[in-house]
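Here the structure is laid out as structure tokens; the discussion comes afterwards.
Chains here go by letter, A, B, C and D, matching the order in which they are written, and residues are numbered from 1 within each.
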């Protein structure tokens, strides 16, 4: 424990996680040697653009990578010291939903349209807890009430298509939190929602987190949401962690040029100034540039950047993957 | 504008500036098709059968209708590779010539189905409204009558011969092509690029020609391949019943139908045309599936 | 739900009307003078005249259609051209054998196809899936008369386990009825099973990709739970459609199977009618089958209401 | 923007509703009021941002302007010419002056078209040969570093008005910045006017000169971008602004969280459409529908500015904080 505040034994430790997928060019890593920790009751923001591997990382933690096209190539995911990646499927099922729960981006498609929402919540409850049908129903209604669904008795028998997007995300949260997990992984939970609904859902999540004392891993592309809700941030680029630090340190004072560039791309932060887009696109896995993977797009690159692939260096309060992390003075927000 | 460093524009991966041209549609198709071994094998088999059928007089070892009663029901030998039937006709030669009738019949049927189904499908899909409603109801009605029954009925009132049989099968298949083309036209119509093109002042006919046809083409090619398989099978069925190709000419179905009596003692006479039919149908189906996978939109994962 | 049923039944009316038009219009496909064509090369003038009278060919098309339709609605499909027996009673006589055959094979194909497709779809990419996929691809391509002949030969004749041909009515001997239908029904069921298995597999794979399956897994639900409840109920929608379509296909293919196994059903009678140019019988059969299938498909659509609550409406 | 030139676009009291449900015979039993009495102008070279949440009717308004759908009521005047009832021929001429850019980058790009064809299409359609403007566009694309996939979507070289319907909402931060920058450059170099439709107020504020805010089919506030963004006059605008997350962790603050959900546009509430969720709602708001009234170049439809503790054009933020926001719980 060298970064962030000390919170005792970490709840979750991800070490050297590498996940590969089959492509036209053979097996290629989508997540490449990712390591981080989550403390109890901590809120971590995992940010990056589409294709950076953040969602795959989240899925891998729950052991949901598999099948013919994907595999975890190496690494460990320790929950209270127990490696989840070596567990068999039945043992994993005990972890999923009970100790680690997950909610996803698309509330519209994440609930089975063929069953009532009540049935689906009961299904999860009875899977993990020894409840009678009647007890489970009562508990499900309590949960619906707790996530702010008006008239939960009536809503219990609704089919998903009868609910709005915001309401469905609340139902999914109710389902995920039904067994009071220690860690909630929220993969872009508000991306598909309107801003006012997003505000409602984020408020709800924050309240429930406090109430249940759980940790949250918030996977998102939205820097502003992270700034508002998280304690610590992990920035990913092309499958790697490029920077991680406390939110209060990272946003005003980014050390990696990619972090700084993303902040500079946010409209509304720098009134009256033009945005400064990053040129080009994220390199595809089969055509990674030599040296630093961000270097071709970086406005601060030197010859050395094209030669050496930088390591993730521990700077005490943060970790950065940039050869020039010490010498650069990059603009942030709120300074 | 102060994006990148002033020196050379950054080049990352296959970032397409003017230099690297995007892959052509044909190139992409070939690349994706070649990855599917089954479909490639199916195509190879079809090509071989077509070549044999076209050059049958040169490929076949014997005349398919030449009777040699001394060889009646001969087993496979160096002279009769697949044996001979009751009239002493060489099975292999009859198979090769039979391919002519089977394939020609299939092509006729698919032609009829295409001519009927495709234009009406495009018009119905683009026009919508009552045109579409009427055309779709007719298609549904035709589809409600079992294909073989309708084909037999049409043959029944016409005259049992191959062309009539194939017109019947074509009519029966037309609604299927109609449906595919219509739904492709509808889905293209609803894409936002069509809306964008319309907003850009592009006329309806131009849209049909430049946007709809290319998008309808892919599912249509797939369907035509599947339709050929269906037609080969249907022709075999109709000829098996004696309502298609008339003797002494023989398609695979006729060969099968004529040999049922020989099934117990000389199963090869039934199996040879049976397997030929199966392989042909299988090839068209596998080819169709392969085309479907290589012509569809490329799916990218996150 | 009631609205759905009503709406669907409203659509049936024009469809049925069109089926009657097709069935009746068949006669008009006949080139030249239908009476001469139908009577055949060696017919006498009287015979031709008789056919003309029987089919009322001297009246205009629409008026003939009108009276034919009003007869048909009342169940009168006319008389067979040659035997003079009423078409309705002939169809009625032949129907039990055909319905038995199709019923059996529908049950068999669903029993084989749905489990095979489910397993293949759920274990997509496994050796079992590849085996089943190859099997169903071949199964779809084998002509039903080849399977029929091979089954009759191997199981019926060489092994002698089951009677190879013939049919016994259920009222005569239920045991013999079942025994004699096994082979033909199995031959007929194989292609159907292959088709159903392919559809089920595709449906399961499609549903497996849905977000809600991922959510169920993330919530620690058991694979069997996810498969059994979530995947299957959703995957059944396309499968139900296929089963509906299968009935039409099975009716068609039963023509060939009845011929091979010597079953006195509608199909074998239809073939005789085709050879004899027995237009009233052909029309009657087309009309009857078309009507049955239109109604079956309407039933299938309505059953969507059960599988998909969104269709049910409020 | 200077008012010297006539506006490129004028929308007068436009309304549009869609059938929401039908009986067995197909007769319409309820209508969804997508746009109700919308009026605004866009000056040449100006960008008007149109914000609202899903269901606010902003996209429908965009399509109405493009005449992709026909208005039930009202007039649409493009560059002085009334195109409300224009026939196909006239529309074709009108569309030389306006283009639309859509949200979905996947389907806006016809998969079978090579990029060049798409850029060329409006040229072909309008019977114009390649021009200097075309080269400007090509050069800009290079500068911004945009991928060909995105290039295709900016094929409007001959327009004076471009309707941008959520052009950046499906994009990542960095791509969004590229596209926004391109749009700005195009506007400034080609003198284009934009009707910029988006749900993201920060994006809209960044690119727009003026902003119109929509709620349940109606424009509730319209004014200069900075005024609307920093000094909202309408309680809904205030709530919408408050809901935007801020990337400055030091600026974490209490926000106004709207309770309940947007009412159905099939059955909007009586009086002010926002009254069911408004923290400041008064009795008059439940009965009388407020009209847009103009003060210092800002139009607001809210009784706070003409009734009760009158604000008379001042920002809502000045008002004492509401006692309770928990209206619907």
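In this section, a residue touches a chain if its C-beta (ideal position, glycine included) is under 8 Å from a C-beta of that chain, and two chains touch if they have at least 3 such contacts.
Treat the numbers as computed from the prediction; the structure is a model and nothing was measured.
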Inset, instruction - Please state whether A-D or A-C has more C-beta contact pairs across its interface. - result: A-D
Inset, instruction - Would you identify the chain whose Cα-based centre sits farthest away from the centre of subunit D? - result: C
Legend entry - subunit A and subunit D: spacing of chain centres that average the CA atoms, whole Å: 32
Inset, instruction - Go ahead and note the Å separation of the Cα centroids belonging to subunit C and subunit D. - result: 55
Legend entry - Mean-CA-position distance for subunit C and subunit A (Å): 52
Inset, instruction - For subunit A and subunit B, let me know how many angstrom lie between their CA-based centres, rounded off. - result: 48
Legend entry - Sequence positions of subunit D contacting 2 or more other chains: 144-145, 147, 181
Inset, instruction - Scan subunit C for residues touching two or more other chains and write them down. - result: none
Legend entry - Residues of subunit B touching at least two other chains: 1, 3-4, 9-10, 15
Legend entry - In the complex, subunit D residues that touch subunit A: 53-54, 144-145, 147, 172-178, 180-181, 184, 199-203, 205-207, 239-240, 242-252, 255, 257-258, 260-261, 328-329
Legend entry - Residues of subunit A defined as touching subunit D within the complex: 49-50, 148, 150, 164, 166-167, 194-200, 202-203, 221-225, 227-229, 247-248, 251-252, 261-269, 274-281, 333-334
Legend entry - subunit C to subunit A touching residues, read off their complex: 124-125, 210-223, 225, 229-230, 233-234, 307-310
Inset, instruction - Please give the residue numbers of subunit B that touch subunit C in the complex, ascending. - result: 137-138, 140-150, 152-160, 229, 233, 236-237, 240-241, 243, 256, 260, 263-264, 267, 270-271, 274, 277-279, 281-282, 285-286
Legend entry - subunit B-facing residues of subunit C, complex: 14-15, 18-19, 21-22, 26-27, 29-31, 34, 37-38, 137-138, 140-146, 149-150, 152-153, 157, 248-249, 251-253, 255-256, 259-260, 270-271, 273-275, 277-279, 282-283, 285-286, 289-290, 293-294, 297
